[in-house]
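Presented below are the structures under discussion, each in the form of structure tokens.
In the two assemblies presented below, subunit A is common to both, partnered first by subunit B and then by subunit C.
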Partner chain A sequence: MYAQEVKSTGLVVKPLDEMSDEERAFQVRIDAGEKIEPKDWMPDGYRKNLVRQISQHGHSEVVGQLPEGNWITRAPTLERKAILLAKVQDEAGHGLYLYSAAETLGVSRADLIDDLLSGKAKYSSIFNYPTLNWADMGAVGWLVDGAAIVNQVALQRTSYGPYSRAMVRICKEESFHARQGFDIMMKMTSGTAAQKAMAQDALNRLWWPALMMFGPPDADSVHSAQSMAWKIKIMTNDEGRQKFVDQTMPQIEYLGLEVPDSTAKLNPETGHYDFSDPDWAEFFEVLKGNGPCNVDRLRARNIAHDKGAWFRDGLMAYAEKRKIAAE
Partner chain B sequence: MFEFLLRMGDNTLVLGHRVSEWCGHAPVLEEDIALANISLDLIGQTRLWLGLAGEVEGQGRDADALAFRRDVWDFRNLLICERPNRDFGHTLMRQFLFDLWHFERLSDLSLSVDDRIAGIAAKCVKEADYHLERSKDLIVRLGDGTVESHSKMQTALTALWPYIGEMFTDDALDAKMADAGIAPLPSSQHVRFHKALNETLAAATLMRPTNDFAQMGGRSGTHTEDLGHMLATMQFLQRAYPDARW
Partner chain C sequence: MANDWPLWEVFIRGQYGLSHRHVGSLHAPDAEMAMLNARDVYTRRNEGMSIWVVKSADVTASAPSRKGPMFDPSNDKTYRHPTFFDIPDDVESM
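Right, the complex of A and B next:
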């Protein structure tokens, strides 16, 4: 998912009888499937966890503009260019919804952005991988948006009202993105030998990073229990990953591509696909800042922000002058 | 007629491409979204103009063939459209000057005796109107913002000033189009353009440059060095894989 929870919050789920009255009433509401709204009482940990998750998700949408933006000026037809632009524009819009959702929890967008730019806040590891050929525009939509959807569809049921509503809006657009991505893949795999090679190359590079989007194996992610109890997290990392592999393997076959995992195959007993673990050492390196594009992505966002300062200041100054003139 | 349509379609193609270069790099998210919108509109308009151009030419070329398989000397856009983005101030000023011209041009063309042209223009003029409102508003706010934003906008205006004259210079093709009632002479827009321009510059506290020299050539295929680089990027896939369908 876009908010990869890897750091433990150190929170252990308390049984109901050890909770304060407020905590218990809160948990009862969540268990009953009620939505928590911004003005409602909430535990500090809930608020903190949500801010981190929603802002991480927002940052992912914002940084996520870059790998696809990388091909907008090279899109091969006017229609493809328009579709890609509209897609990247949607991602910027998702960033906005999510920042607004985070702001309902008492943080400011400016502070969140500062945390992103300083490297303090994280975004999804997937966007630290490069887009190297045109088929990546297909594979990103198909696999990356596809993986995001698995979690985001679940997150529509999250307990926090503004987050849940943002997810409903976002999911509609994400499924559109995934379909458009698959459409590019179909064009590529039914095209020339060079196009097929591009498609296979894109799958080879993006398959493992897409699996990593769901976060580390459940066995290694201690924090999940409290997030699940609060319905900030709806399914475990491994459940999401399995769901994604199950829905994607038949599509890979349909496209006539080869999954870069020789162990991946349908297990007739479970009805699910078996598959191998991604290289978790690589995953943690990427999180530490050592992915192929971490430095470039942050640099691009910082340049945009720094070079845009005069623009933001200019608009503020003008608004200020109007206000004074009106008084 | 083919050439005339290229002039319209190449403007939106080249400027739409320039605007799309900002994607993901704008000063605020709202601007990323707004610029993508403008670029999308311009690319959509390109498909209409170049689509009709291909039809009129009758050689089996569609909008994509015209956009991705012509070399620099066959492009007929105004030079201002290909000027590089530089900073955000240049981008906004370029957009404003273009929008001001474009809106008037499309308004006139919506009265063309050629139904196809009138139809496309009527569709595009609504978008151009919206673009112009937005650029005008930003020019005023940034011109009258901070000392720095004022100076950025003034610098951009001065740099782009020599590219305005080309918008209003008539040539033989323009005369033919005007005689046929297809499109009025570009020079007929001159007074309206400058009147509207002066109003916005005054509100923005920007100074009108006094130099009236005009850089020319885009409309007849003599471009700046920048267009070749833009096409090298834009046309890469179609050129490198001529047999592929995308």
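Right, the complex of A and C next:
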């Protein structure tokens, strides 16, 4: 998940008869599948949780450009370069859709970006892992975008209208991302022994971080009950993870690769794949800022932001000058 | 940040014969840049053949909480709908 909910909202779901009239009317609308729109009344907790989740999601899209942007100038062919460039450009767009959705809740984009740049706001742990070679471009598109899709498809049904509409747009673009990644993997696995080994190595490194994207296990995470009741969260962390594993295992087999988890196999009784937990201690370290690339990512964002300041200011000054001239 | 770019709403006509539809919003210093950004953000896959950009501050919106009184005048005029009238079966297509 691009917004990895780890901290408890501290909110307990109230039964309908203990709610205020406004709260009850609000919950009834959500239960009926109605969308909540920006000017509607909403509980403070709903607004606060949405702002945090949508902005984290947006930050993930923005920071998520860095591991792939790194390979645009190093793509093996002009076609691959054009495709990767288009993919990364999409991610910038996703960041914008999400920031726009957050802004409808009364926060300013400048404040959201400041929180990202200062390290106060979080983004998905996955982007704090490095992309070491071209095979990683395949594995990222296939696994990271693949995992994000599982989550984003579900979030199309979220109760907040602007967030839901952003998800619909994003999902339309995401299958291109996953497919171009899988296409790279197919090319590499049908190549030389060395290329196939690169593909296996990329899978080995990115498999566990991809599983972590869904957040900590339901058992010792969060009371996400309130988020589920508000339809801010549509499935639990474990449900999303299971779905991802179920859809990805046959693809791994198709590629002739091996999942780096000896316990992973189809359970004929449940019809689902059994699999092992990623190293949750590592996950929490990455969240705390101690992943392999946390420092690099924030530094890169800050440099880009600072270096672009004269340009943003210049365009604004020009717009104002022309406005005065026209008056 | 004193120099925040203003917010614009983006409307796109998907194909001839259809109206412009609201697709989202973006920040830009002026209308010209808003137009270029709208093209780059919202029409990367042939989604449009015409774009309108409007400053968000220039949009006046009705309040959802006033939905009742706002739309009440139309609610009680069911005779505006053709189904209000019973036309005998003998009278063909009307």
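Here are a few things to note about the model shown:
Note that in this section the second predicted complex is superposed on the first by the 326 of 327 C-alpha atoms of A that agree within 3 Å, B and C clash if a C-alpha of one lies under 4 Å from a C-alpha of the other, contacts with A are read in each partner's own complex, and residues count from 1 in each chain.
Keep in mind that, in the parts below, contacts are C-beta pairs under 8 Å (C-beta built on N, C-alpha and C of every residue); 3 or more make two chains touch, one makes a residue touch a chain.
The structure displayed is predicted, hence computed values, not measured ones.
Of the two partner chains placed by superposition, A:A25 touches none, neither subunit B nor subunit C. In the superposition on chain A, contact of A:L315 is made with both subunit B and subunit C. In the superposition on chain A, A:Q89 contacts both subunit B and subunit C. By the touch criterion defined above, A:S100 reaches subunit C but does not reach subunit B.
Judged by the touch definition given at the top, the superposed model places A:L266 against neither subunit B nor subunit C. Of the two partner chains placed by the overlay, only subunit C lies in contact with A:K39; subunit B stays clear of it.
With both structures placed on the common chain, the touch criterion links A:A110 to subunit C but leaves subunit B unconnected. Put subunit B and subunit C next to each other and count what each touches on subunit A; the higher total goes to B. Look at A:V13: by the touch rule set out above, it reaches neither subunit B nor subunit C. When the two complexes are superposed on chain A, the residues of subunit A that touch both subunit B and subunit C are 86, 89, 93, 96, 312-313, 315-316, 318-319. Taken together, the subunit A residues at the contact with subunit B in this complex read 62, 65-66, 69, 72-82, 85-86, 88-89, 92-93, 95-96, 99, 134, 187, 191-192, 194-195, 300, 303-305, 307-319, 321. For subunit B in complex with subunit A, the residues that touch the partner chain are 13, 17, 20-21, 23-33, 36-37, 39-40, 43-44, 46-47, 50, 63-64, 67-68, 87-89, 140-142, 144-146, 148-150, 152, 233-234, 236-238, 241, 243-246. Residue ranges of subunit C in contact with subunit A, taken from their complex: 1, 3-5, 7, 24-27, 29-30, 33, 40-41, 44-45, 61, 63-65.
Per the touch definition, subunit A reaches subunit C in the complex via residues 37, 39-41, 86, 89-90, 93, 96-97, 100, 103, 108-110, 165-166, 169, 172-173, 312-313, 315-316, 318-319, 322-323.
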